[in-house]
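Please find the structures below.
In the two complexes that follow, chain A is the common piece, with chain B as its partner first and chain C second.
Our next item is the complex of A and B:
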């Protein structure tokens, strides 16, 4: 495709939303406070609902409005609320700031971003080479979703604390939802909803993990786990 | 219908608009900033009075400084006044001299100006001036890749590297405005401009605190008319960068499409209004974020780099 030709306005909007979601993923890489990470996750989840509404309006798929509403209720309201309560409980004292995740970076923020760029490039070009064209959303959004998946994995690797890893996993789910919207936006609503409830399972599992881990080692950091116990 | 202006006059007007408008834009930003901080602030025309005062003062050079110390401000201002010939300041159509250099040519002139000022600062032997020029050079080296990637995006979008061509492309359809590559490149450029005009992330552009100084420190040893030229040069640089952002990337509307006097006058007003609008946004950003520590600047630049690289990526996949 000739890059000097602009795609249409609708494709442009969908691509911009996907690109901003990827940028938020990068923002999570360097965010130092669990509170801010949750905020970014909320923003990213809100964007995917907006994208669903855009696709619904343009491609005349009324099911997607319901999906957008449900996904917003779950990911913008419920999951962040649960995460905040979980992290609030692990805070040092009542009323104090939730446990920090600042020290959990294994790479400096600039190197983490550079590593993220490499990951994103791999995702981008692999999926670009596949040339999958969904009927609803543009191929670029799919490549951006692939990049997001890899960066989310990167986030879970470079951060050594349970909270960031949980958020990384949830954003992974966001990336997959984005890919699903792109390639299969006509999927029956019941299936889409079932995927959303998978997220609830993940929240419960990570909730258990955070609480158990914090109960055992009094911190959110997973670096304590390397020590052998007899 | 008003009279048509000859092309050379319009070309001259491009330079004059930037030359005479630059202190005014700085004045507006200073006023907005003061109001944001709850102060009354200086008059909008204050930068003009400052320049007029400095031009009347005596000039002194430190002992041992060579002729280059005094020539540098002149070279810098000349370089900055050449750039408005190359970019769309007032017109949508390319003026005859507009094609003597492309975006890289403009970039070379910007770097040349900054290089001669830094070299002049080295001449002085004053530690602060040297510190400032060393910092300015280091940080401009790390923002260079971002600028390059923005240029690559422009080249891919238009098939050329002429600023006029990009402005025309952006004007051509709404699809060109909303495409991610364009928005990402514009954002990255805006971040570079924030850094280059000495706003966020680390510099205090008005203060005299040596720790936060990058660009400001370089003119410490200049005085009188030479200091005035340097101050004017930094105001010119700011307006030129704002013009590139507004007239090439974000809002290339309101430019004169003909040679008629009224459309050219309208274009001058539109340019100054756009520059003041960008300035207001910059002032708000400047006042709503905390300054970073000096060595955190790599994080800021890496964010801009990320955005610029993503812009190029999206284009390579087609449809970006």
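Our next item is the complex of A and C:
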């Protein structure tokens, strides 16, 4: 693409959605409560489905409508529901926040966001420099997806509770879905569906392990997971 | 042959379902029989594939494919599935948990084996990823299976959490690799193809370089997390030491190899696209770092299963270095090493499991006089440790010899020298820890207090180890002609990629 030329509508939409998803990732980084993290995750997942619909319309790929529907059902409805019920059950009382999530940051929100900016910049510029773009790949959206991957890793690192770490992993999956939509939108539907069901199974397993963990320590904090080292 | 492949995909899955749905008392009675039957039958099916695969590749239903390379990994997994299934009968009996535990353990074991057998059967990189992801999910639950709620200092839940989080994040990178591999292929093959490996290799010369390079690096780091390559190995010692011993044996001997298989698939098409220089350099760096880490950490381990886990990191490092040498003899060594390591490490973990059942501890300092107390498992464990340390006439001696000679003949003197030195260091670490268990007599107080009498806990736990030793001996002294034919076919496949 000629850099002086204005991007087309599809590219513009893809880039804006990618940028908003990255901003939501930053929101997750500073959000203290698991409830609110789940809400942000829902918004981010909804954006992915919107992007899938945009691409489907622009490039005339009917498969992607089905994928958008499935992805929305799974990531906007089922996964948040499972996580909520799980956290609801681990809370001291119905509807209260579970112990160990708030205050699990190892860095102050300001430092965490600063670290996030550094990570995002590294991802963005490194991927930008690779200049990967085909007919269907806006280079900017791909670079933003790379930035999101690194920030999601950062999120998993700076939080010391199992709920935030799990949500960090789910948003990592969102970032990869974004990259996949941008560079591999033609991937056969059967494979895409298989990826999604895989995510569902992963969510269930994360859930079971979170419950095991909570059953042991009455908290979602990982600060007591220190026995295994070396 | 399609029937054999489908049976291989159905039998372990059916066994898992059967074990899961059986009612409590029946599960306790029938699950062992079902699992042993499924394990032995699966190994038989893998062997039945061997004559056909030694001559031509098998492609079915556009998503199933068995070639020489996948058959080797199927052999490793199939063999371990069979021996571990038999071993588990004794282990579960002696561990004395309730029928719920037995049902979960058997169902999980079959499902785990199913996913590991499915991975090499997939013709598409996307389905390969899905199979590897399923192995992670199932094995994470198996690692947590002995977690006791509310118990202080219980490591199983911690290990499972670490494992599922780190391995899933790693596989996230592997998924990204899959996406870029698709992107590279789509430039040549058009948008609608299913990421099958064979067409990708066929058009490799025309693939764009940057996405291929990126895909290989991401795959190496992503699947490397599950292989246990430094610096993404941190889940491995914990999961191996906290899992029930039959699961540890499968994790170490079969799962790490299956993940390495995924890396080899990426190696195959990357080498075809870019030449083998780039992927070999990357593998060399990861391999040497892993070997170095393992050689430092085998000293000072107090837990026998952790010690063996670090030895697994060592052997995965050897595999990576072997591939990086690139010479045909080194590649043949690598593939033989996969088989020999499966047998040896399976045996070593099964031996550690016998100690665990006998002494009720994994602490090396509390395990004493095993050669006296365990007339069969003691010597068998000793042989397994010697095999792991690459003493002749074990299969690992032959494979490492081939790898080193391939390195020397290719002019990689420094890397070959580092390999030999570090392997020797690990040999010292491993044997000092393990011979202490076997040869230091049990203090009178220990045997009296714990009332540990001489004798084997269960014949079910000895028979599989004997089978493992026989396999190691055969691989070391005279590998069957069909197997060497298979290996040289796989080497051509990997080497022809250049």
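Everything that follows uses one rule, which is that the second predicted complex is superposed on the first by the 212 of 230 C-alpha atoms of A that agree within 3 Å, B and C clash if a C-alpha of one lies under 4 Å from a C-alpha of the other, contacts with A are read in each partner's own complex, and residues count from 1 in each chain.
Just so it is clear, a contact is a pair of C-beta atoms (placed from the backbone, for glycine too) under 8 Å apart; a residue touches a chain by one contact, two chains touch by 3 or more.
Note that the structure is predicted; figures quoted are calculated from it, not measured.
Undergrad: Based on the superposition on chain A, does the combination of chain B and chain C result in a clash or a fit?
TA: Here chain B and chain C can both sit on chain A without a clash.
Undergrad: Which partner chains sit in contact with A:227 here, chain B, chain C, both or neither? Use first/second/both/neither.
TA: A:227: touches chain C, not chain B.
Undergrad: After lining up the shared chain so the two structures overlap, which partner does A:209 touch, if you call chain B first and chain C second: first, second, both or neither?
TA: Touch status of A:209: second partner only.
Undergrad: Can you pull out the angle centred on chain A between the C-alpha centres of chain B and chain C, to the nearest 10°?
TA: 150
Undergrad: Looking at A:172 after the superposition, I want to know if it touches chain B, chain C, both of them or none. Which is it: first, second, both, neither?
TA: So A:172 only meets chain C here.
Undergrad: When the two structures are overlaid on chain A, which partner does A:139 contact: first (chain B), second (chain C), both, or neither?
TA: It touches chain B, and chain C stays clear.
Undergrad: As a test of reading the superposition: which chain, chain B or chain C, is in touch with more residues of chain A?
TA: The partner that reaches more residues of chain A in the superposed model: C.
Undergrad: Of the partners chain B and chain C, which touch A:188 in the superposed model: first, second, both, neither?
TA: After superposing on A, A:188 lies in contact with chain C but is clear of chain B.
Undergrad: Once both structures are aligned on chain A, how many angstrom separate the closest C-alpha atoms of chain B and chain C?
TA: Nearest C-alpha pair, chain B versus chain C: 17 Å apart.
Undergrad: Could you pull out which chain A residues touch chain C in their complex?
TA: 130-132, 134, 136-137, 149, 153, 156, 162, 165-166, 169, 172-173, 176, 179-180, 183-188, 191, 194-195, 198, 201-202, 205-206, 208-209, 212-213, 215-216, 222, 225, 227-228, 230
Undergrad: Using the touch definition from the top, list the residues of chain B that touch chain A in their complex.
TA: Per the touch definition, chain B meets chain A at residues 156-159, 169, 173-181, 183-184, 298-299, 301-303, 305-307, 309-310, 313-320.
Undergrad: Would you tell me which residues of chain A are touching chain B in their complex?
TA: 1, 3-4, 6-9, 11-13, 15-16, 18-19, 22-23, 26, 30, 109-110, 113-114, 116-117, 120-121, 124-125, 128, 138-140, 143-144
Undergrad: Where on chain C is chain A touching in the complex?
TA: 124, 126-127, 130, 133-134, 137, 140-141, 144, 147, 149-151, 153-155, 157-162, 164-165, 168-169, 172, 175-176, 179-180, 182-183, 186-187, 191-192, 194-195, 210-211, 214, 237-238, 241-242, 297
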